């Protein structure tokens, strides 16, 4: 049975059950349980090395591309464990899109950047319409409608990142994963991308890793705080874990854990 | 108190001067032969160039003054190198793709990379010996012995490591973000490779491959007992299965002839060979330098 | 199995696309293993072809220098000796020249533009086909050095290496043309290794008052040594296998002589000369010689690779 059970509430789109991820013998994150709600923006925050990016990448099997990376536990999406042997990772990535830390447009025209993904996903409709609507949703249309045939690299960093978001939207995924999408950008571009995210929330579920707590506070409904502790065997290595998961409001105003309190008040991280 | 002024006679300053001059001399000795060689070939070989050279067959060595032309050798070199490329490029690019895109640094890929380096170090004459044993002496190619086809195969063995290496290294230079971008929108691995990574690495791979072809075009040792030599025009497809001349073997054969006319032909062939190889090299260097400058940050 | 997977509900990757993906990967896998197949093929074919000669002469083949197709007696000592002597002696000349040039290119004696021009000039030398170098050696180098060889013989004739009257082509010319061929290899690898030495090492030495050459000899060269060594070994492998230029200038004589001023032989020049016309057990003996050459160059190359791997992680 690839399709499991059971009592996952309908509004939960993605669910981690006892997930541990290792690189070779090094364990990066341990025993994560977490449910992501449909239509929400969820932030993953935490100090460097706590494994939040690792968790994010595991959600659409981008971790497959890293040699030696292995995952234990289940990641349920649409009632299916996406780590089941029979699941095609390419299929997963078509339904769970990803925006990366560094803007990474293809070395093609702006138009082609968006058409590429749609085409390989078997899009048969009017490509011009799709390109325009995707660019509009990513709030990039007005800036680039006159130069759709220019290279994606002719855009500024912030525009490139929005192009990458548009590219992801174009394949109409159910979930969009964003790995620190603004860390390479200036404040104005960051703000624009945050506005874009608010727009996208209407149609998509978004999970975002961010280093910027203000950003988490501004954009997200839910926040997951990851932390890292030293191994019990005390050889100095650290393993990440999910310390607290709650609505953003609660995490920032009345965290239950002491470490969460310390982290959001800037005592470490 | 020691003076802070530079003292010529100080042993370390004399030593420094001495070694500096020594390294200058080394550099001079290193580049002088090249300058001599290239100028000599250009003058000596260039002065033999006539229109007939490109159209005539070479005359068999004898004491007549007219040696004829190098047309069969010129065409032969083109054909043999093309055969070698047809074999080595698909195999090499495919192998390079596997190493760079699919392998995860396991034992197999380490073994193959090791093998590529070892194969690159195999003496070129051994490639000829191998093809001789495998193809020429067995007459496996429709009963033909020495043939242009066998020569091309021998050359392809020499090209293969170069092609694999440049593909492997060219693909590894493509930033992973680009792969993630493509896979992240749900592209299959082969679409990603064919549509995104390979086009991005195209220029560096092409440069390496062209340099490999240029090197192969000048190789002689693998041809002297696989393709052998021929004095006659190449007239049709069937000639692939017979002895075939090449510029390199022509130079070898005619350099050792006691007749001045044949020697001159060897110089003319050298001129053409060196000029084309050097221009390919210089052109690719300029292209590489240009690419480096315009590369995105 | 009639199981409906929700994940595959829409935009399904069609079976055909999935199959192409798998076929593509496996094709690449097969193509990459061609390298191993060819390499093993070469070793096996050359070994089996030499088997007849090997079983007849055994290791005696390596130490006798009779090579007589008429009497059917074969021994490759002259050729093996020639291969080793020409390659080692040419390397002996090339190493200081090449490393010296590499130092000149990596230090700032002259503006960068000139150094880059010299650097690419030397590398261009590597692109010149060896048969052209052979031609040049016959018609330019040999006459150029003739007087010098006579001088060598007249004044140093008491040394066995120069004990014969120079008569045209000889081993020393082969050594010199090999130097021209090896120089680019040693120079460019030495240059790369020197460039890889971290700047902080140089600064450290300058900081405690070392002079330029003190720094080069006691800090930079030792740090670059493993890379240079690997380059030298690659050049050695190349020298042993080099065929055309050597064949054209060495004189091709199987008569053994200690003197570099007499014609000599190498394994590869023997192959080039005799393979086309050989028959009978001569062919097997030539394969045996080829096998020896292959083992020699394999050993040198593998050792070079091992050296690169072992020391490349240091910095």
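A, B and C are the chain letters, set down in written order, and residue numbers restart from 1 in every chain.
Here is the rule we use: a contact is a pair of C-beta atoms (placed from the backbone, for glycine too) under 8 Å apart; a residue touches a chain by one contact, two chains touch by 3 or more.
All values reported here derive from a predicted model rather than from experimental measurement.
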### Task
Taking all protein C-alpha atoms shown, work out their mean, then name the chain whose own C-alpha mean is nearest to it.
B
### Query
Ranked by contacting C-beta pairs, which pair of chains comes out on top?
B-C
### Task
Could you find the chain whose CA centre sits the greatest distance from that of subunit C?
A
### Inter-chain centre distance, subunit A versus subunit C - centres from mean C-alpha coordinates, in Å
53
### Task
Express in whole angstrom the distance between the two chain centres, defined as the mean CA positions of subunit A and subunit B.
48
### Query
In whole angstrom, how far does the Cα centroid of subunit B sit from the Cα centroid of subunit C?
15
### Query
Which subunit A residues sit where two or more other chains touch them?
90-91, 94-95, 121
### Query
Among the residues of subunit B, which are close enough to touch at least two other chains?
188-189
#### Entry: Per-residue multi-chain contacts in subunit C, two or more chains
13, 18, 21
### Query
What part of subunit C is in contact with subunit B in the complex they form?
13, 17-18, 20-21, 24-25, 27-36, 38-39, 41-42, 45-46, 49, 96-101, 103-105, 107, 109, 118, 120-122, 124-125, 127-136, 138-140, 180, 183, 187, 211-214, 216, 234, 237-238, 240-244, 247-248, 268, 271-272, 275-276, 283, 286-287, 290, 293-294, 297-298, 300-302, 304-305
### Message
Using the touch definition from the top, list the residues of subunit B that touch subunit A in their complex.
### Response
104-105, 175-189, 191, 195-196, 199-200, 296
### Query
If you look only at subunit B, which of its residues touch subunit C in the complex?
12-13, 15-16, 19-20, 22-27, 29-31, 33-38, 40-41, 90-92, 94-99, 101-103, 109, 111-112, 114-119, 121-130, 132-134, 137, 157, 160-161, 164, 188-190, 193, 211, 214-215, 217-221, 224-225, 228, 248, 251-252, 255-256, 263, 266-267, 270, 273-274, 277-278, 281-282, 285
### Query
How about subunit A: which of its residues touch subunit B in the complex?
60, 62, 65, 67-68, 90-91, 93-95, 97-100, 102, 104-107, 116-117, 120-121, 153, 164, 167-168, 170-171
